[in-house]
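Here's a structure for you.
In order of appearance the chains are A, B, C and D, and numbering begins at 1 in each one.
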Amino acid sequence: MGRKKKTYKWYSKQKLNEVIFGFDTPAGKAYDVILLVVIFISVAVAIWESTPRPSATTKTVLTIVEYAVTILFTIEYAVRIYCSPKRKQYIFSFFGIVDLLSTIPLYLTFILPGAHHLVLIRAFRLIRVFRIFRLFTYINEGIIFVQSLRKSLAKILVYLLFVLILVTIIGTIEYVIENGEPGSGFTDLPSSIYWAIVTMTTVGYGDITPVTTVGRMLSALVMVLGYTIIAVPTGIVSATYIDETRKRVKKGECPRCHGKVQEGYKYCPHCAEKL
Amino acid sequence: MGRKKKTYKWYSKQKLNEVIFGFDTPAGKAYDVILLVVIFISVAVAIWESTPRPSATTKTVLTIVEYAVTILFTIEYAVRIYCSPKRKQYIFSFFGIVDLLSTIPLYLTFILPGAHHLVLIRAFRLIRVFRIFRLFTYINEGIIFVQSLRKSLAKILVYLLFVLILVTIIGTIEYVIENGEPGSGFTDLPSSIYWAIVTMTTVGYGDITPVTTVGRMLSALVMVLGYTIIAVPTGIVSATYIDETRKRVKKGECPRCHGKVQEGYKYCPHCAEKL
Amino acid sequence: MGRKKKTYKWYSKQKLNEVIFGFDTPAGKAYDVILLVVIFISVAVAIWESTPRPSATTKTVLTIVEYAVTILFTIEYAVRIYCSPKRKQYIFSFFGIVDLLSTIPLYLTFILPGAHHLVLIRAFRLIRVFRIFRLFTYINEGIIFVQSLRKSLAKILVYLLFVLILVTIIGTIEYVIENGEPGSGFTDLPSSIYWAIVTMTTVGYGDITPVTTVGRMLSALVMVLGYTIIAVPTGIVSATYIDETRKRVKKGECPRCHGKVQEGYKYCPHCAEKL
Amino acid sequence: MGRKKKTYKWYSKQKLNEVIFGFDTPAGKAYDVILLVVIFISVAVAIWESTPRPSATTKTVLTIVEYAVTILFTIEYAVRIYCSPKRKQYIFSFFGIVDLLSTIPLYLTFILPGAHHLVLIRAFRLIRVFRIFRLFTYINEGIIFVQSLRKSLAKILVYLLFVLILVTIIGTIEYVIENGEPGSGFTDLPSSIYWAIVTMTTVGYGDITPVTTVGRMLSALVMVLGYTIIAVPTGIVSATYIDETRKRVKKGECPRCHGKVQEGYKYCPHCAEKL
């Protein structure tokens, strides 16, 4: 009987596990959608609270919602631990820690009153959304994209090192040219390197701008050449992305739903994606 | 005789229908060109009226033109309903509603004096231009482009969700770093997230800019990495666009005029597009 | 004898023609290089003159250079007419008019003293540089690029019409949202449409920026979506460019120097371009 | 015996040479990593020193570090000369001069007190990093990228000339339109051309912006068209990059580590790169 009970209990755990961790059952899907909504509500509350002087009523409502969300997340975290077959693995996994952090902010405010920085932890709750990403069929696109990004990572890192050296040298030259001019923003090297990055990426805030003719000429050169240089990683990632998509079709796998497809198929039989 | 008259009347309707809804007859084309001109005049009038303090004479002229355009559009709307074979379908179609809205702004000013927001409805008249798009042979390019956009929509939406989460987290980190600095624009989370979007898209207004060194370092990272990330949808849409064009040629269809072409043709026999 | 003299004269004209209009003889090349230098000097002078308060000596030198350049260009224009086999055709050709305009600015200042706008005509002298473009072997790249641009023109025009309608509608919506806010730059529709273009192209001057939360949200949407839309023509032109280059190689023509190449060649035998 | 000693000495030189110039031995790799760290420290010190008013203690520490780095670089330069088989070739090579310059800044401050511009030479120390680039396997990516850039150089130069002429003409037109307006930044032609470049590259600082309606219309045109034009080199470089990578695989060379690969290989047997 003891064994039977345990079996029953284990089944119940498995059910819970299916609902909370799984995406395949209708209950699992519904659960994920609800979780998604709660996460977005909690972040919306954090954003709203940061705006200047909300009215007293609003503040009360927002606090209540934050309490509710925290309680929900705490219960959920407990259930996740309870129904996890490998508890330790879950607790110390990336998402396990994210789940724990999601419950903490409110509790910390009891200990550290006015803990201003906790808004950051509340924003990290959004990371939980990535777990639910697999819910949508077309999210596999996103996975291919992330894979393309990871595949191109080595190239992009070398590239970034190159850009870093380049902007340091450019920033220093501009600093030597512009420093000392009245009204110049090139007061020190960090500002000048920051300016070089702002210019090369074509962001162009305009908080630091060259005022001398020579400084402007260098600046113009940086813009025109920098543009060519800065956009290359985009080309690399795009090319990798396109290649990845084609490879999957060739490998007999639908690029959208990962289902098996045979040669000659014009549409994926699982998700109607054109091949 | 009654039957004959009705037939005659029906033919007349069909003629009107050909002229107003069609693009194939010379009269239909001429009608569309006139309509195009009238729409652009009406929008130009709306733009002109919004400029500060036009002279009394200008104001009178602009009002008269708006009256004329409204009367024209009202008559046209009535005729469109009259000559439409399936009236209900037209009235509740997308363009039926746009046509109705095109006549409304002036009438509303009688009821709601000083209705400032009506300029918006007047701008929506421009949507009517899209109906005339098919007039130009090379507009099919536009259709391929829109199809590429629609095909890539799922990918782009997932992508946007990803960007949304990313900018929220980045905006929050920058908010925690910069908030409280004198002269800082990072006064609340919405502003900080807005800053993150302005920076990642390389728009860089400069209305909100980091002032601390740490804030600027994060900001530089967001620019360089963000650049790589934000430009990917472009690559996706472009790739889809190129694929679409090639597919059409393979399917024996001219990518420009949709006319039939045979294998081995070097030019489309209908519009001389190089294949 | 009269006939002989005329023949001699005609030969002399032909020589002049070869030097002035041609690019193949060493004299023709040398002439083009000198012309290039003179054009750049004349434009540099115009730029220098525009800077605030040049010293009296500088001003005298700049005026003398401008006189010299004008006299040179006038003589050159006369010679070009003289040695042109088809005079009328040259005079009314595009470059004939540009050559004439290049001589005019200084003469006009005698008639219209202080003619400020003449600096524009002086800048147009730069157009003459395009004639000399063919001088450089690798300039054919430029020709392919211009051809790609011309080929994509229809697509790009449709695209621009689409963008024009889009920015008008977006600008109007933002105008309705932001107009009336204290410190808002959305004072009229032209400014708002200008803002929409500045934002969609990611230029982002920051002279007009949204201040309301709703306005900023729309603005963020415009940036993210606009980015995707605005970059497509680039993809189109690039794709056409790549196609054009490949076609030339296939047609048995070197993409760089237009020389004939045979199948199997790995390098162009005329300019060593890798095929 | 004399001969033996010399041989021994020569071997020792070779060893030193292997460590300092080579990348293949563990000692050589370790040496390069240490050098990399020292270079970055020295540049970090230069950046830190430029910031306004560091405390006296910080200043002392920074000066000491700079002394230490200079002594290290001086010793290293001497050893490099000592162990170089072809001394003259090394001394007058590009990296030989960079190595010499790396030691100079501090010594110059003894001769020229307060030599402000020396920070530039200190930044050039970063160029030494490029020598160490070969240390990382995936740096070959960077080499392909630089080769793509070099291959596309002719195209890009022609392109830049074209852009230069274009921005001069656009800048002059805008100058004629905007000059004289109150609050206009278009005070002279260099500023206007600078504005044109800032606008066409979509940097958009906002330090100079059009204020008239006509000026804004031209400006909008420059943005939309300029965007299409300015992004083409990116397409060219990306295309060359992709081609280069493919060619290498075809030539039986791994695109990542340059090792030999045979047809049919799916992974490079030297570095496991997917082919």
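As a working rule, a contact is a pair of C-beta atoms (placed from the backbone, for glycine too) under 8 Å apart; a residue touches a chain by one contact, two chains touch by 3 or more.
These numbers were taken from a predicted model, which means no experiment stands behind them.
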| item | value |
| --- | --- |
| Interface numbering overlap (same over half, different under half) for chain C and chain D | different |
| Chain pair showing more contacts of the two, A-C and A-B | A-B |
| Angle (degrees, nearest 5) of the CA superposition of chain A onto chain D | 90 |
| Centre-to-centre distance between chain B and chain A (centres being mean Cα positions), rounded to whole Å | 31 |
| For chain A paired with chain C, centre-to-centre distance based on mean C-alpha positions, whole Å | 44 |
| Multi-partner residues of chain A (each touching 2 or more other chains) | 190, 193, 202-206, 231, 234-235, 238 |
| Residues on chain B engaged by chain D in the complex (per definition of touch) | 202-206 |
| Chain C - residues contacting chain D, complex | 43, 46-47, 50-52, 116-117, 119-120, 122-124, 126-127, 129-130, 133, 136, 138-139, 141-142, 145, 149, 156, 160, 163, 190-191, 193-194, 197-198, 201-207, 230-231, 233-235, 237-238, 241-242, 256 |
| Parts of chain A lying in touch with chain D, wherever the complex brings them together | 154-155, 157-159, 161-162, 165, 168-169, 172-173, 175-176, 179, 187-190, 193, 199, 202-206, 209, 213, 216-217, 219-220, 223-224, 227-229, 231-232, 234-236, 238-239 |
